[in-house]
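Inspection log for the structure reproduced underneath, given as structure tokens.
Chain naming follows the written order as A, B, C and D, and within any one chain the residues start at number 1.
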Amino acid sequence: MIRSTHLPLLITLATFVLAYALCASAYPAMLSWRVIANLLTDNAFLGIAAVGMTFVILSGGIDLSIGSVIAFTGVFLAVILRDTSIHPLVAFALVLTLTTGFGAAMGATIHYLEMPPFIVTLAGMFLARGAAYVLSTESVPITHEFYDTLQGLYWKVDGARFRLIGGLMVLTFLVGIITAHRTRFGQNVYALGGGEQAAKLMGVPVARTTIGIYAVSGGLAGLSGIVFSLYTSAGYSLATVGVELDAIAAVVIGGTLLTGGYGFVAGTFFGILIMGLIQTYIVFDGTLSSWWTKIVIGGLLFAFILLQKGLTWAAQKRAAQARRRTATGSAALS
Amino acid sequence: MSSPPVGPRPSILKRIMPQLLILGVALALNVAVFPEFFQIDFRNGRLFGNLIDVLNRGAPVALLCIGMTLVIATKGIDLSVGAVMAIAGAVAAAMVVEGHGWGTAVLAALAAGGLCGLWNGFLVAVLRIQPIVATLVLMVAGRGVAQLVTEGKILTFDNPGLIHLGAGTVAGVPTPILIWLALAALVTFGVRKTALGMLIEAIGINERSSRLAGINSRVLLICVYLVSGLCAALAGVIVAADIKGADANNAGLWLELDAILAVVIGGNSLLGGRFSIIASLIGALIIQSVNSVILLSGLPPEFNLVIKALLILGILVIQSPRIGNFIYLLRASGPQPQPEPPHSTQEEAAR
Amino acid sequence: ADLTIGFSQIGSESGWRAAETTVTKQEAEKRGITLKFADAQQKQENQIKALRSFIAQGVDAILIAPVVATGWDEVLEEAADAEIPVVLLDRTVDADKSLYLTAVTSDLVHEGKVAGEWLVSEMNGANCRIVELQGTTGSSPAIDRKAGFEQGIAGHDNLQIVRSQTGDFTRAQGKVVMESFLKAEGGENICALYAHNDDMAVGAIQAIKEAGLKPGEDIKIVAIDAVPDAHKAIADGEMNATIELTPNMAGPALEALEAYLADGTEPAKWIQTESKLFTAKDDNLAIFNAKKDLGY
Amino acid sequence: MKDTPTHPMPVLHARGISKFFPGTIALDDVDLRLMPGEVHALLGENGAGKSTLIKCLTGAYRRDAGTLMLDGQDVAPGSTADSQLLGIGTVYQEVNLLPNLTVAENLYLGRQPMRRGFIARRRMNAQARDVLAGYGLDIDPAEPLTAYSVAIQQVVAIARAVEMSGKVLILDEPTASLDRDEVQLLFGVIRQVKARGLAVVFITHFLDQVFEISDRATVLRNGRVVGECLLRDVTQRDVVTMMLGRQLEAQVKTRDTGRPGKTLLDIKGLGKRGMIAPFSLTIREGEVVGLAGLLGSGRTETANLIFGAVPADHGQVLLRGREIGLRNPRDAVAHRFALCPEDRKIDGIVGDLSVRDNIILALQARQGWMRPIPRAKIEEIAQSYVRALDIRLASLDMPIRLLSGGNQQKALLARWLATNPDFLILDEPTRGIDVGAHAEIIALIEQLRADGMALLVASSELEELVAYSTRVIVLRDREQVSELTGDQITPDNIINAIATEDAA
């Protein structure tokens, strides 16, 4: 059943479809399996991290550390696979534990020390990237046959390759959607976003939820780091600088309010695709200079925000009218 | 009739005491890694010493955090200041390269910064876009605009007037120090000697109520972003003048984060409300002192970020309200002063 | 035939790179080639995306200035699958050599070594305490130019690097870090500065002047890139040497590509550009004037 | 009813509860005994410590001293979640639900029906519908909470608390934003709960309601218990005296309908589509116009429209015969209008600002930022109103959000009185105000009127309206339906006016 609350999601979906149609009419080659496969593969790491970011933002927080955590994960994996003989799967488990713990620690700091997430995760951002530097400043290649096996897993259609990591992203989104809407944890996340004070008085376990949220974000950043290491077969301490801003932009374009409480994990998926589409379009165009690229990206970001704002306004107006009707109807209770 | 209890107004010194203490510790760390830290000479017509460097190099962040403090007081945030710095620097450089005087160039740069501020303010106050997203737009696009002005080059200039703003001295004191001190004094005075400060705090705490109380929150919001844009423009001019060139790609890169950090270290809440520009400025100096420790320590650069992160974390933990409460409780748990039931006086008054 | 070539550039983080972009566009235009330009804003993931989009678009060839050496195998394989030749500009990659047509680069380690050797001969056995301004931590030029310089001065105990800190390849940081070097070591105790690029050296020169010392005399300065401002500084006697990294990587690359596309001529796997040393002996003013409109 | 509650064991027994805030002793050695199957009223002036006591009992605040026994067992709930698990359901003073969730999600937050590890949404919605039907609400629980009026939200909050309460149900001023009918409905629920043997704590400033539903009362004053009594044995007067520590002078109604002054405001066909039907209204100096109506009848919206808080889309306003534009509150304030809003938390207080700044805020806004009010003047204004309205505070420097609800309301009144308005709009001025202050505010309104001010007062309390209005406008369904003047103004007539329309 479609409800007014689903409107932002529908708007994002519509925006994506519309934008894709426009791009395809300009460059018919964009209507190919390759482009679709590329959208999934190339944005896999960003998408996975953005799922975590969606939870954080839904709860009214923000996580600036994910770009650094991704880089750290890559370097950690590369160094450990280079210097020891442990199996990548063990290394994955290790690094996921580490990043989840890191996220949980940030969540605990935010909750127990009552510090704003922006600042705590900013310090986390410095720390994670610093740790990556300390491990290795050079880019460390990963050469392990298990990596080759994983990279060799793809499904080929018309020269397009649907790779494992793209599938992993889709899976992450599915799990994220179910978690957000069908579990108590998910409901508590929304509750926190609706108002921490009220949520607390309603008995939401604020400490546990806050720590959980940042742990999820850290863990997914770790997963994203694993995906990024599969994507580039290397660990590099300078990688994925500023990815947190991309993730935030994707979440916002996906219809989630930065103030928390309102939004959908599924919206972020389309937010990611829209951002990927913008980049693909710019490359297909190929005439923009370095600076015009930046200006156009900023401009398109603005256009999407504006479009969303306009549609939301229209929807709210309609909802307000509907509300008046309901209110009148129920004013005479009993 | 007795009057209601008033209590002394919290003094400024008390408000900034934690920041001053932390600054003291940061400076002490500097001395620990470099004993002659406090030595100041007069050399080559200018004051020369590490302490002067801290004040001088702190100028961009100090300037940014003046505007940022006001923006944050309104519950906003301005991510675009770094990009605005780049634009302003580029505009100033382009103007003098074209042969205009330095005064015109600075005015043009300020105009550009002001325009950016107005744009942000428009998005936030009129279109009601959340500040972090609204300013993200300019953060992304602004650097492009700056590069458009410089066409991607480092636009070098040798206009002595302009250069003086960044690298010159007045009576031996580097000009940037004087500029940020003057602007800080001006803005602090401007918001505290008028009612602006209180009105800004009010809209930061509860905009709806403030509007209903008759405050023109829209104009005030736009003004605040305008000030932030102007501060950023000034910082951009100084940074360009300092290196005699506008480096559109790198000028002010990630400085927005430092500015926000300075405001938070200054004890201002990111949730808006009460603010202190002086405390933010001390925050900026703390950050610069931390940078100075890193440079003077001689450790390899791969440790820079870890050191910075740990120091910042330490500073923030010390400042956390929880820890503050804890200390308060520790102090209070001594011999309990037996406060009078606070209402008794009024009750008499009521009868 | 009308050729369409995709060019994935790292970004525009320095004057040198802007010049490389300008020259590449000029070279393509000269040859009547349609150049699809994609700026990656210093991000590898954007470069990979650009490459994939080029492939999807079906360009005839791809030029790429890779931001980092690792991580290109997959996408290069896809290009090879689609039979699109790839030429690397100004930096190489770790991938199998069969995956790209050729690489047009300078030798970063060699550049550093030239700088080191210049300083060795300049000092001629005198004791010298050197400070070093590194590039962005973790970037390959920073790593290689540091290693090369250390090779260059190896075995000369009179030369000693006393401080080394990152200046992020920028003028502003170059100046800031130099200021702290001057204070921490004392300006009179520093005999030479080695900067990983000219921009940082230009910033450092100002710091040295503000400290009341004479750059180029009191402190010898050697850096890399040979951007116009460095030539100017040498001409003014404020800097001593710079090693050229030519922005014209596209010329040889496009030549090789055209030959390959025309009749399958396989070029050499590595086309090395010259790392030329410029000192006060050269006519720096003339070079400055020649270079200043290249978009540096 | 059962006989005197001589039950051997209280359900909940709190002993020696103390709570200190910086500068305030909010609770000082407070005992509270709740018997099963009993409605226990907690009474006291504004700031007496009622809400604080509730928060200490339910773990929302950490108490500084005291013990809690539930069914004879020592308990120490560390958080609201704990107290919910113990079977204590609570409605806190301000509506505390989550506006971003649906009605059902709010109702079941934390104890959603699960199926194979996942929330069974369909079942949750169905259950929610059933539960709410028990409260006479026929609404779609899958709609967002904000789709419904504040009254409905209040009922949802109560339903949630009732569902939570296995042993104790605590209601902190639940009736403040409810209508008579809704109050009766709530009382029905309370009686059911009581019949199930639960203990109910009921906090309100409406003494009629206290005597109607409660069995026993504990009275607090200045954070101390001043008495516990069986309500059967005492009169309202006794209770008031206990609360205030003094006698409340009998209210003398001296309505003076004569001598209306010059016409101040002439409103012609002001309205906004979809919000309120166009209405016309003339207000003279020295006149109090009351706005009466059911919940949601549009009183607040009328007030907001006249104040420019919501811009009108047709009609005009003449001030002393000259047309003025009211596009926003700033215009209104400039014309010496004042509006003391209904929802003080959202529309009124600026929480983190000091009480002092809150009081001078509107005056300063009218003067403009260029002309700051001198400190001495600020101090004088703030102190004089604190004294005049008897605002209880530890210091003028304390953030206003730390004041008790009723004292916040008084501080807001002070804010607007400080602007010395010509036209004062009061929307529910006595909501959450204690009996003593209630009388004072009514007296104040009368005083202001006598001084020649024009007032428009929206209120749900008919007695109060009758006490001070020179004219009463009755609204229904966002439309002005009738007007009562002079001796017509009696509670019965007002009810009739509302009801007649109802029948029509």
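Here is the rule we use: a residue touches a chain if its C-beta (ideal position, glycine included) is under 8 Å from a C-beta of that chain, and two chains touch if they have at least 3 such contacts.
Chain identities (UniProt): A = Inner membrane ABC transporter permease protein YjfF; B = Inner membrane ABC transporter permease protein YtfT; D = Ribose import ATP-binding protein RbsA.
Quick caveat, the model's predicted, so the values are computed rather than measured.
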{"item": "Per Cα centroids, the chain farthest from chain C", "value": "D"}
{"item": "Selected interface, B-C versus A-D, where C-beta contact pairs are more numerous", "value": "A-D"}
{"item": "Intercentroid distance (Cα basis), chain D paired with chain A, Å", "value": "43"}
{"item": "Where chain B and chain C are represented by their mean Cα positions, the distance between them in whole Å", "value": "36"}
{"item": "Separation of mean Cα positions, chain D and chain B [Å, integer]", "value": "42"}
{"item": "Between chain D and chain C, distance of the C-alpha-averaged centres to the nearest whole Å", "value": "71"}
{"item": "Multi-partner residues of chain A (at least 2 other chains)", "value": "133, 137, 289-291, 293-294"}
{"item": "Multi-partner residues of chain B (at least 2 other chains)", "value": "147, 152, 302, 304"}
{"item": "Two or more partner chains touched - positions in chain C", "value": "11-12, 18, 21, 137-138"}
{"item": "Complete list of chain pairs which touch one another", "value": "A-B, A-C, A-D, B-C, B-D"}
{"item": "Chain A residues touching chain D - in the complex, by the definition given at the top", "value": "3-5, 178, 181-184, 187-188, 190-191, 193-195, 197-205, 261-262, 319-324, 326-328, 330-334"}
{"item": "Chain C residues touching chain B - in the complex, by the definition given at the top", "value": "11-15, 18, 21-22, 134, 137-138, 163-166, 168-172, 175-177, 179-180, 183-184, 199, 202-203, 206, 210-212, 229, 295-296"}
{"item": "Residue numbers on chain C that touch chain A, as the complex places them", "value": "6, 9, 11-12, 18, 21, 35-39, 41-46, 48-50, 52-58, 68-74, 78, 81-82, 94, 136-140, 143"}
{"item": "Of chain A, residues touching chain C in the complex", "value": "27, 29-30, 32, 34-35, 38, 41-42, 45-46, 133, 137-141, 151, 159, 161, 228, 231-234, 236-242, 276, 279-280, 282-291, 293-294"}
{"item": "Chain D contact footprint on chain B (complex, rising order)", "value": "1, 3-7, 9-10, 193-196, 198-199, 201-202, 205-206, 208-216, 273-274, 339, 341-344, 346-347, 349-351"}
